[in-house]
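Shared between the two complexes below is subunit A, which has subunit B as its partner in the first and subunit C in the second.
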Partner chain A sequence: MEAVLFYLFGALLLGGAIAAMTSRSAVAAVVWLIFAFVNAAGIYALLAAPVLAILQILIYAGAIMVLFLFVVMMLQGPTLKSELKSIGDRKWWLPVGAVLVALLNWMHGVSLEGFTNDAPAGFGEIKGVAELLLNKYMITFEMISLVLLVAIIGAVALASNKKGMPW
Partner chain B sequence: MVIGLNHYLILAAALFLTGAAGVLARRNTLIMLMGVEIMLCSVNIVFAAYSRALGDMSGHVFVIMNFAIAAAEAAIGLAILVAIYRIKRSVNADELNSLKE
Partner chain C sequence: MVVDRRDFSVNFLIALLITNKELASRKYARLRVIYIWFDAGEAAFMAEQFVPLLLVISLALIFALLFLGLSYWLGPKKASKLKKTVYECGIPVRGGIEIRFFIRFFLVALLFLLFDLEAVFIYPWAVMYQSMLDGGRMIFALSEMGVFVGILVVGLVYVWKKGALEWQ
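Right after this comes the complex of A and B.
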């Protein structure tokens, strides 16, 4: 059962990502990516992390991709002309192919056994995450809020000026 | 058939390669930013998989941090794109070559 779900979610996640990266229209790419990220939430649920699954749908598939959709709708116009025909004559496949060869080399002798331990009791529940987040990783938590504050100020400063850049 | 850590690692690696190929191959900067999002998502899966394998929930905290980083990256990146579009009337990476000359 777990294997069936893993291969189902994994195939849909990977297929959605590939479809997003190869689609001609940016709107279609956003929709494919929302589809892929919903399936990533399924992968998190299989990894005994229900909090992450819910956050993935709320933040990634909900907030971030809707932000993308707004900007795509705003900028989409004559921006995609003759883009895909130039993909073939670029050297992008060199680094990607090198990593792929390294990955296949690693997979050659890798063991595909299951997890050796069961998840501990209460693993992945919101209580445990919150305790870690507010005790051991409190500095990280504060840094997250600082990053978000900087992002808010930066986004407003960059996008609000009608004449272009703020400087 | 049982699913283990390496299954998730291989899935994450394939996902990361998809995003990296998209960033390197596409010229539409909007889609390049989506490739970065895919790469961040694959790193999150690695965090969660190792968390599950080691029975330690610290990885979940860093996945949540990564969510915030991804949101900040999307907000700043898209704001920069809007600012660039106001100047150049284009989001094609090939036409953003003002610093080349």
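Right after this comes the complex of A and C.
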């Protein structure tokens, strides 16, 4: 069952990603990307990472893709329509993809220290994540808020001009 | 809960609500078959807790596709020029349908997302809080979150001062 679901989610994820890349309408591409992300969440769930799966849907498929749509709609109209080419028109991504696949294949054979195939019980659940995040990776946890602060300042900088906010 | 056990559909929906243990009882023998099909009897199925969710999603998909397919198959399709026009609250469409968004919406969405992420990281802390109290580490727990939220409050003050939250 696990294998069946893995291949199902994997196929849907790939299909969604390909559809997103080859789609000529930017809005349709975003919707396909949402579809792909939901399937990625399914794979996270299979990999015993329920927290990641739920965050993937809440944050990525939910909030971030709305942001993507906003960006598309800001550029929409005369700007995007004539310019947007499907990635299918470009052939250079084929060798790039081949290199990426080769890299992943190589990584598959590398065993990382301290990582095993079997996840301990409770791994990836909110308790396990919290335990690690708040104790062992405490500094990382605090750094996350710094990263978020940088992103907040960046967001304001993006929208403002020299005189401040345009409104 | 009193349920007619012969009513399969009711039982099926209950299956989404009851626990795995209850499912093992004889009362829900028929459901067990479906559950096992999803579970495939794999003891090491790590995502077992997601099986009810998977059932809900599959059911939703099946029903949605079924009714969409039925209406596509059975419904008459008589297209006219008027029918194919863009719908805009019943009034004639003015201007293009692809309007450009004002950047203000984008900024608000982006800021929402960032503070949303902050809330996501508060959640594991809230889960751990009680056990930290029991371990006598209240000051550690509070200062850890205090620093985290404090940095983001700086961001909030910055956004406020810059006037990014103004909306006139």
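Note that the second predicted complex is superposed on the first by the 124 of 167 C-alpha atoms of A that agree within 3 Å, B and C clash if a C-alpha of one lies under 4 Å from a C-alpha of the other, contacts with A are read in each partner's own complex, and residues count from 1 in each chain.
Note that contacts are C-beta pairs under 8 Å (C-beta built on N, C-alpha and C of every residue); 3 or more make two chains touch, one makes a residue touch a chain.
These figures come from a predicted structure and were not determined experimentally.
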{"item": "Subunit B versus subunit C as contact partner of A:A63, first or second or both or neither", "value": "both"}
{"item": "Partner touching more residues of subunit A, whether subunit B or subunit C", "value": "B"}
{"item": "First, second, both or neither for A:P95, with subunit B first and subunit C second", "value": "first"}
{"item": "Which of subunit B and subunit C A:V71 touches, first, second, both or neither", "value": "both"}
{"item": "First (subunit B), second (subunit C), both or neither touched by A:G109", "value": "neither"}
{"item": "Touching partner for A:A36 - first (subunit B), second (subunit C), both, neither", "value": "first"}
{"item": "Which of subunit B and subunit C A:L52 touches, first, second, both or neither", "value": "first"}
{"item": "Which superposed partner A:M138 touches (first subunit B, second subunit C, both, neither)", "value": "second"}
{"item": "Partner chain(s) touched by A:A151 [first = subunit B, second = subunit C, both, neither]", "value": "both"}
{"item": "Intersection of the subunit A residues that touch subunit B with those that touch subunit C", "value": "2, 46-48, 51, 55, 59, 63-64, 67, 71, 74-75, 119, 129, 133, 144, 148, 151-152, 155-156, 158-159, 164-165"}
{"item": "Residues of subunit B touching subunit A in the complex", "value": "1-8, 10-11, 13-15, 17-22, 24-28, 30-31, 33-35, 37-38, 41, 44-45, 48-49, 51-53, 55, 57-58, 60-65, 67-72, 74-76, 78-83, 85-87, 90-92, 94"}
{"item": "Subunit A residues touching subunit B - in the complex, by the definition given at the top", "value": "2-3, 6, 10, 13-14, 17-18, 20-21, 26, 29-30, 33, 36-37, 40, 43-44, 46-49, 51-52, 55-56, 59-60, 63-64, 67-68, 71-72, 74-75, 79-80, 83, 86-87, 90, 92-93, 95-96, 99-100, 103, 107, 110-117, 119-120, 123-124, 128-129, 132-133, 136-137, 140, 143-144, 147-148, 150-152, 154-156, 158-159, 161-165"}
{"item": "Residues of subunit C defined as touching subunit A within the complex", "value": "38-40, 42, 45-47, 49-50, 54, 96, 98-107, 109-114, 116-118, 120-121, 123-125, 127-128, 132, 141, 144, 147-149, 151-152, 154-156, 158-159, 162-164, 166, 168"}
{"item": "Interfacial residue positions of subunit A with respect to subunit C in the complex", "value": "1-2, 4-5, 45-48, 50-51, 53, 55, 58-59, 63-64, 66-67, 70-71, 73-77, 81, 119, 126-127, 129-131, 133-134, 138, 141-142, 144-146, 148-149, 151-153, 155-156, 158-160, 164-167"}
